[in-house]
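Dropping a structure here in structure tokens format, bear with me for questions.
Per-chain numbering from 1; labels A, B and C assigned in written order.
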Amino acid sequence: MGFEGIGASVRRKEDVRFLSGKGNYTDDINRPGQLHAYIRRADRPHARIDAIDTAAAAKAPGVVRVFTGADIAAENIGGIPCGWQIHNKDGSPMAEPMHPVLAVGKVRHVGDPVAVVIADSRQAAKNAAELIEIDYTDLPAVANLTDAVAPGAPEVHDGVKGNLCYDWVIGDKAVVDGVFANAHRVVKLELTNNRLIPNAMEPRAAIGDFDTSSGDYTLYTTSQNPHVIRLLMGAFVLHIPENKLRVVAPDVGGGFGSKIYHYAEEAIVTWAAGRVRRPVKWTAERSESFMSDAHGRDHVSTAEMAIDKDGVFLGLRITTLANMGAYLSTFAPAVPTYLYATLLAGVYKTPVIYCNVKAVFTNTVPVDAYRGAGRPEATYLLERLVDAIAYDTAIDKIELRRRNFIPADAFPYQTPVALQYDSGDYQTTLKVALQNAGWESFEGRRAEAKRRGKLRGIGISTYLEACGIAPSAVVGSLGARAGLYEVANIRVHPTGSVTVFTGTHSHGQGHETTLAQLVVDQLGVPLDQVEVVHGDTAKIPFGMGTYGSRSLAVGGSAMVKAMDKIIAKGKKIAAHLLEASVQDIEFKDNTFTVAGTDRSKTLTDVSLAAYVPHNYPIEELEPGLDETAFYDPKNFTFPGGCHIAEVEIDPETGVVDMVNFTAVDDVGRVVNPMIVEGQVQGGVAQGIGQALFESAIYDPEGQLLSGSFMDYTMPRANDIPPLSVATENTMCTHNPLGSKGCGEVGAIGSPPAVINAVVDALKDYGVRHLEMPATAAKIWSIIQSAQPRLAAE
Amino acid sequence: MPQVTLTVNGQQHTVEVEGRTLLVELLREKLGLTGTHVGCDTSQCGACVVHIDGVSVKSCTQLALQADGTSITTIEGLAAADGTLHPMQEAFREHHALQCGFCTPGMVMTAVDLVQSHPDGLTEKEIREGLEGNLCRCTGYHNIVKAIAAAHPLMHAEAAE
Amino acid sequence: MYDFAYEKPGSLADAVKVLSADPDAKALAGGQTFIPVLKQRLNRPSTVVDLAKLGLTGITVSGDTVTIGAMTTHATIAANPDIKSKIPGLQHQASLIGDEAVRHRGTIGGSLANNDPAACYPSAVLALGGTIKTDRRSIPAEEFFQGMFTTALEPGEIITSVELPIPQKSAYEKFRNPASRYAIVGVFVAKFPSGVRLAITGAGQGGVFRHAEFEKALSANFAPEAIAGIATPADGLNGDIHASPEYRAHLIGVVSKRAVAKAA
């Protein structure tokens, strides 16, 4: 047994299970007597439902029941709730239209659930669903932001004027306008953040189970946060009290945000299981995932920076339209506000910032947090804008960044957009990234590529993000309807082995390993004697789950606090056993020692005494060694760093080849370097995907054109280069681990680096900006339109 | 109902299926071998890859009845009887080539076939091209490529013994 | 998918009989396109007739012709040394279809019978001037491909093999759809003593087609420069979210030049 504590790249405890085909994903679970649900979805973006005839479906072979929105509406069932309330600039609350579990009266996006067939097999349910006759009257639809805010646009929800969910601001417009009026120069950029489809490899699934004797419900679901689902679905939708509802999120095959939210299908199978008194299972086909999983990003923005003659940033002014889709998903309103606009200072000293965000309803799938959630949008905007400033002023893009960085000695640093950064060293991550990427020798590579007929470009992004969400009181004041603390229960068993019950959830992050390493570090228990349990509301205390790169910074900190309690109690027991004063007991390496002596008791001696309390201070101390702690973070954490991309473009076809990618990130304390590198690599691949390949495309009428892997380009092995990933860490100052978070940095920092590289490669064509994704067809048409200009010169 | 007889991980089964039953449905639903996954409906993601008579096949794009008389290996059949991992499984673990684990079974089965069919070695480019039919959303492929490169000499050394 | 009866006849005659007797019966070759179509419920056959037991596999070289059994897989074609030496363009083409697992099951006969406008093989068979052999006749490639998903096959007719004349030189270049990996533009060029034939898949609304201007220029001078100045009109070309007709027209020139450079 080598070193297994904090800092060791121990191999993952969960891997043998996954590598042997013994993972236990939701669709792998089958309950006795189980029925299957198939959901008939809207095939059109916006229509009034005039009539639904389910008679033929109900009589089809194998069918048990057919439910429609009318059945739901007849019961005491609520709409899908939204977890965050944003206020308009005039103080009024955002528009929050009803999001029915099954469509009532109208359908509002392709994929909106209309009816559900419960049958004895998936195929029987699907066959019957085809027999449901729905009379629609088509209504005019709006499929994109520009159309939705145009005067006279059709309304997605009756009475929601201009399709406006909210009109929100941060910063003082008059002050910022004043700075702009007196600035040496203003650089402006209009840009779009392309809409993405998360596409975790495991499609969503849900099984509702109803115990006919006890009346207890169990929901097995592909979720990143089972307690949150129990709370939202139990309290707001189905009105089942917590003691009668258990939610299990077993092995989950990737989430990236898309499995945070409470989805209609979870409520449908749970409710239907109670109605038919048998388990009901639903598993998404991938084509359903495309039209029912929450999408990500989808912003249109205008960004302006006021600068002085040296390129020093004086003020930033931004207007953003953010697409909410047809209904508000769980986190949706928070993404373009508190996870976006508060990040607009980035790593720069920009003294004043104003941002106006209009969130807009459209006849599309709901949009919510996807890996990075708001921070990729902020980073892309800022890092493209900085490059545009360099382009317009001819100031070197590295020098421009250095000139505006928040210096390493300025922390804690209060930004003009609410956040207070605790630590960071942007000059260092920049310096190391430039070295690792061979920035200085790039022009040689560009010249060599040119001899081969290729256009080579290099791009940089120096970024920061806020994660480890979040201080409950702060987010509460910003409109969150939940606290965002985390919980840990540390159970030291009689013979000294440990089970950790954590409110976080692993869907690829390797918590069974990383969190166990914290126990190795703090309690000195060997890794193979530590088990991490998550994902079952019947086992774990109320915790908030995993998203926003919070599991280690928040969940890990809760573990540290719980282990502190274990040690404190253990010291009292040890003091009794050793007949010493508790003040004299030290704990180190799994052992309680009387300071300055060789008298000691191991954790096992102590835990045995705690559970077999024959010789025990029973008057003062309860038996057992089992402690729970809740940790509410004092602040967000602020990872950041520098990403550098190098691309080669084939000017004949427009194909962009990613040739090099370098990331140097500051993620705070690293527990398992191997896992951290893997997290960054995966995030970077998703960022490259956004920059070069991925785009959810609706036609103007609201049909999803990129509705399968045949049309939505997922990055493949051959699309991604070997990734150079390193960390240069400063510690988080306000949590006990010093960890900041690593799950999203890759997806946040990388897209602008890639696009900056593409723009750099096209510099001879007079390109200042282009929109993501930089597909071959787009690059080709840019080159085509630039060529006459080149020829004319 | 028609019957299909096939050998899965060394064990012979005769199973009643429908004409439309896919091989992956037979494996998951009739035989309880849930290690083989379904990640798409357009035959692109590769989560369902198994070996039929030693070569990689997408079990979601194969009728169960087509597999009559064949010998199939799934992820559950890759390790030795005593639980010793196959060199490819071990390499995936050693090189952190999996995160959520969902694409992993298909990825490993594809990788084993790729290495077996290239006894003389595999370049990084060949490995990446060989993964054309397998999507992973977690790893960025970096460590998968590393693991396959590392497994190549081990598998061929083992085969030579 | 909808349910269907499944039959796996042991003789060509039996297979033809089943397929001819029932207009809703459908032949199953490798199934790599057909099964996804069934999964999407775009087709509802009464009976699926598996052609796997008809002995239609194998590759033979005889004189100036290569004959490939209809049920020969892409993987087999890609790995065959005779194909590699006689028609390297075909070997390369087969190695680019789908992915390795798909190539283990997908067949040349199935692909030709389906005649997907973005499939690879129709370009080789048309450019090589091949002949499609069926249970009842021989069909020249020119007559076989009749537009998107349409061929000269009669109901119940089964492709048994394809005969391909061996060219002096051949090459295939493919510009992939980044999502589906089908061809946005695929160009097969074949040089014969009688002249050069060049066929394009993926681009045309009517499926695979030959490029007369390119062929004429290349017959005079088999070099990429020979076609550098010839523009292809965008009329009649496909447009989708990945490539406009204009982009495809442009790619036809680029990909053709690269195919010629590779063959020459």
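Quick note on the criterion: a contact is a pair of C-beta atoms (placed from the backbone, for glycine too) under 8 Å apart; a residue touches a chain by one contact, two chains touch by 3 or more.
Keep in mind it's a predicted model, so treat the numbers as computed, not measured.
Trainee: Which label fits the chain touch graph of this model best, line, ring, star, complete or other?
Mentor: Looks like everything touches everything, fully connected.
Trainee: Would you mind telling me which chain pair, B-C or A-C, is linked by more contacting C-beta pairs?
Mentor: By the number of C-beta pairs in contact, the winner is B-C.
Trainee: Cα centroid separation between chain B and chain C, in whole Å?
Mentor: Centres of chain B and chain C (C-alpha means) sit 28 Å apart.
Trainee: How big is the gap, in whole Å, between where the Cα atoms of chain A centre and where those of chain C centre?
Mentor: Roughly 44 Å, centre to centre.
Trainee: Out of chain B, which residues touch more than one other chain, so two or more?
Mentor: 20, 41-42, 44, 132, 134
Trainee: What residues in chain C touch two or more of the other chains?
Mentor: In chain C, the residues touching two or more other chains are 1-3, 40, 180.
Trainee: In chain A, which residues are in touch with two or more of the other chains?
Mentor: In chain A, residues 123, 287, 709-710, 714 touch at least two other chains, as defined above.
Trainee: Could you pull out which chain A residues touch chain B in their complex?
Mentor: Chain A reaches chain B through residues 11-12, 14-25, 27-28, 123, 199-203, 251-254, 256, 285-287, 507-510, 674-675, 677-679, 681-686, 708-710, 714-718, 720, 722-723, 746.
Trainee: Chain C touches which residues of chain A in the complex?
Mentor: Interface residues on chain A, with respect to chain C: 123, 127, 130, 287, 652-653, 693, 697, 705-706, 709-714, 719, 775-777, 780-781, 784.
Trainee: Provide the residue numbers of chain B that touch chain A in the complex, in ascending order.
Mentor: Within the complex, chain B contacts chain A at residues 20, 28, 33-42, 44-45, 47, 74-76, 78-79, 85, 89, 92-94, 96, 98-105, 108, 124-125, 127-129, 131-132, 134-145.
Trainee: Which stretch or stretches of chain C touch chain A in the complex?
Mentor: Its residues touching chain A are 1-3, 40-41, 175, 178-180, 240-244, 247, 250-251, 254.
Trainee: With touch defined as at the start, can you tell me which chain C residues reach chain B in the complex?
Mentor: For this pair, the touching residues of chain C are 1-6, 8, 28, 31-32, 35-36, 38-40, 48, 50, 52, 75, 98-102, 104-105, 180-181.
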